[in-house]
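Across the two complexes that follow, chain A remains constant while its partner is chain B and subsequently chain C.
The block that comes next holds the complex of A and B.
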């Protein structure tokens, strides 16, 4: 077994390359999902049924679709309707569609708990429209949702592993190719798990820092 | 009351200098089948402080919330310095969201529960609207905000967050936030009702200063001492109607209606000099 780990250690550059790609995917997918999710929340909270309904369908739909299948559809299925994305773009697109739906729903929930008085006060000084949302509504609902959003980022980290099946060279892909070449499944996958674990701990620490900041602002 | 208001509306086009800052005419508002306001008329001249008194549920807060269209009245009209609030000239088409926002920016409001924005510091709360609604330069707005903090005695809390402040401090910040917009009219909706008794004085002191400096104010309150000492006029509301409009001395010493007498008896101990 020591021998197995020695082989993995000898190819640590491949694992670290995969890790770097995973981190890149997570950072980009999180940033885009937050932006799209914030827009989605406005649709979910809209007064107009014509806007609200499709957004609700999308969110409910995504909740019932396994991420792996969504990734398959975006990469292998969309070319049938003429949309051809490379594996990176397809992977990121799937991550953002999937997780922005969750984030939209998380923010809508926090919004519905936002005391009415903050918005009254904003209307009273002349805020309206998207400036009202961006300056007065969004910040407190993001602060309120920090712990749940942190969980969602961890979910994004884990879902990037599925992108191996569309040949995105991320961490699981790297571990899998090391084990396939040298037949060291135990060491290769345990090493990948350890790196995912470190990544998640990192996210939890960042969330902890933001959470302390958020506490003073509630 | 309604007649008098109508008379003033008729005058407004001929003599702008006498034009009231706020003119409420025949205001009606119902929630479900409960009529909260039933033909209310109020007129507030520039530099005057008008106190709205009345029992709980008499429609005082709803009246105030209709003035800046936080509640949409069913009938009647509201004029801010002669301009119709909520409805475009002509009186048929409702204002767009941005037109409404523009007219609301000219009316300050102080709420019972302060409603400071929790994610912004004290300074942040005060400068937010001047910068992002009025689009005034940041440096100028900050300098003015610091003067306002001096005025309400909270310079040292400049960078604190609302959650760390006492109720009295929060309300003084809320007053500074409203003043930072340089409003033509300031509305106080039971500004001291949510405060611990020992904190009421510090907020009333700021409100009294404003009245003395000639800020045009409409104050819904249960503080009879403030109404007697600081108001220029008392409007007594009951069951959604204006029952009495009078100078404070007359209202407190020689109320004209039975309902006002009953109301005052209940508050007697609070406002009579000890």
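The block that comes next holds the complex of A and C.
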């Protein structure tokens, strides 16, 4: 057993390369999903049915599809309609499509809890349209949604592992390739699990810090 | 898609449903057991369970299923893909269920427990007659929600060769060189499974509400 861990330690560069890819995917996917999700929230909260309905269908659809299936559709399905992406980009695209829908719904929920008078006051001092959304509505709903958004980021971290199936060189893929070459399944996957755990605890700590900041701002 | 392709997708749906159900049947009571140990604050065990829950909640299902399928044989416990898949799903969902049961137990009014004690009930009798009938009703929506999440991560078991809906769809796509139709059919199957789960929860909730009044 000690020997197994020694082998994994000797090949820690491969594991760290996988970890770097996982972190890169998570950071980019989170940033893009927040932007797309914020736009999606405006569609979900729109007065016009023609805008609201398609957005609701998309969100409800995504909540019923397993992430792996969506990743397959993006990776194998898009080329049949002429869009060709490499594994990494296909994985990232699937992450963003999937999680921006969830984030859009989370932000819409936080938005509906915003007091009416707050927005009326912003209207009264002349805010409207895009600036009203970006400067007045978005900051408090993002702060209010931070714990739920943190859970969503943890979900993104866990969903990146599915991408090993379409050969994205992320953490589980790295552990799997080390175990396949040296036959050290126990140490390789335990190391991967430990790294995932550290990542998730990291996200929880960041959420805690932001929450305390938000508390101080109030 | 040929009729046989539809048939193999339905077979995959059978596998997805059967394995998820087995995972739930093992994972829900296991989660309750773990939550009860933490609730009773049994030293050492409480800390061990807290660590178990924390690690399992952070572990992707793909990684967990690979760990169980490849690592158990390497330490002398041979395991086939199907039992490995069931064990993975059960362990994963038990950690989430433990937190759901624990939240219900923490919210449970202490006065009721004291009243049960005062009338001379043993703690196991109080649990069976007083605590459990109430916490399962408050936990039900969260438990069903966790079941839908489990179905959505269940395609992970395809990596060890279990032919569930997703893997069946991949196979058909590889044979026909037309991946989109089987994937869309697979999406419909998942949609139906999740819809049935949510419906069952709704009807259970309304029937218990009629019987006991709304919780």
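Details
In this text, the second predicted complex is superposed on the first by the 216 of 218 C-alpha atoms of A that agree within 3 Å, B and C clash if a C-alpha of one lies under 4 Å from a C-alpha of the other, contacts with A are read in each partner's own complex, and residues count from 1 in each chain.
Everything below uses one rule, namely that a residue touches a chain if its C-beta (ideal position, glycine included) is under 8 Å from a C-beta of that chain, and two chains touch if they have at least 3 such contacts.
The shown structure was predicted, so the numbers you read here are calculated from the model rather than taken from an experiment.
Of the two partner chains placed by the overlay, only chain C lies in contact with A:175; chain B stays clear of it.
Contacts of A:67 after superposition: chain C is touched, whereas chain B is not reached. Judged by the touch definition given at the top, the superposed model places A:165 against chain C, while chain B stays out of reach. With both complexes superposed, C is the one of chain B and chain C in contact with more chain A residues. Once the two complexes are laid over each other on the shared chain, residue contacts for A:17 go to neither chain B nor chain C.
In the superposed model, A:192 lies in contact with chain C only, and not with chain B. Of the two partner chains placed by superposition, A:5 touches none, neither chain B nor chain C.
Taken together, the two structures place no residue of chain A in contact with chain B in one case and with chain C in the other. Contact residues on chain B toward chain A in their complex (touch as defined above): 68, 70, 97-98, 100-102, 104-105, 107-109, 111, 113-120, 128-129, 132-134, 161, 163-164, 174, 177-178, 181.
Per the touch definition, chain A reaches chain B in the complex via residues 115, 117-118, 120-129, 131, 135-136, 139-140, 143, 216-218. Listing the residues of chain A that touch chain C in their complex gives 1, 64-69, 72-73, 76-77, 80, 154, 157-162, 164-165, 171-172, 175-176, 179, 183, 185-186, 189-190, 192-193, 196-197, 199-201.
Residues of chain C that touch chain A in their complex: 54-55, 57-64, 66-67, 70-71, 73-75, 151-156, 158-159, 166, 169-170, 173, 178-180, 183, 186-187, 190-191, 194-195.
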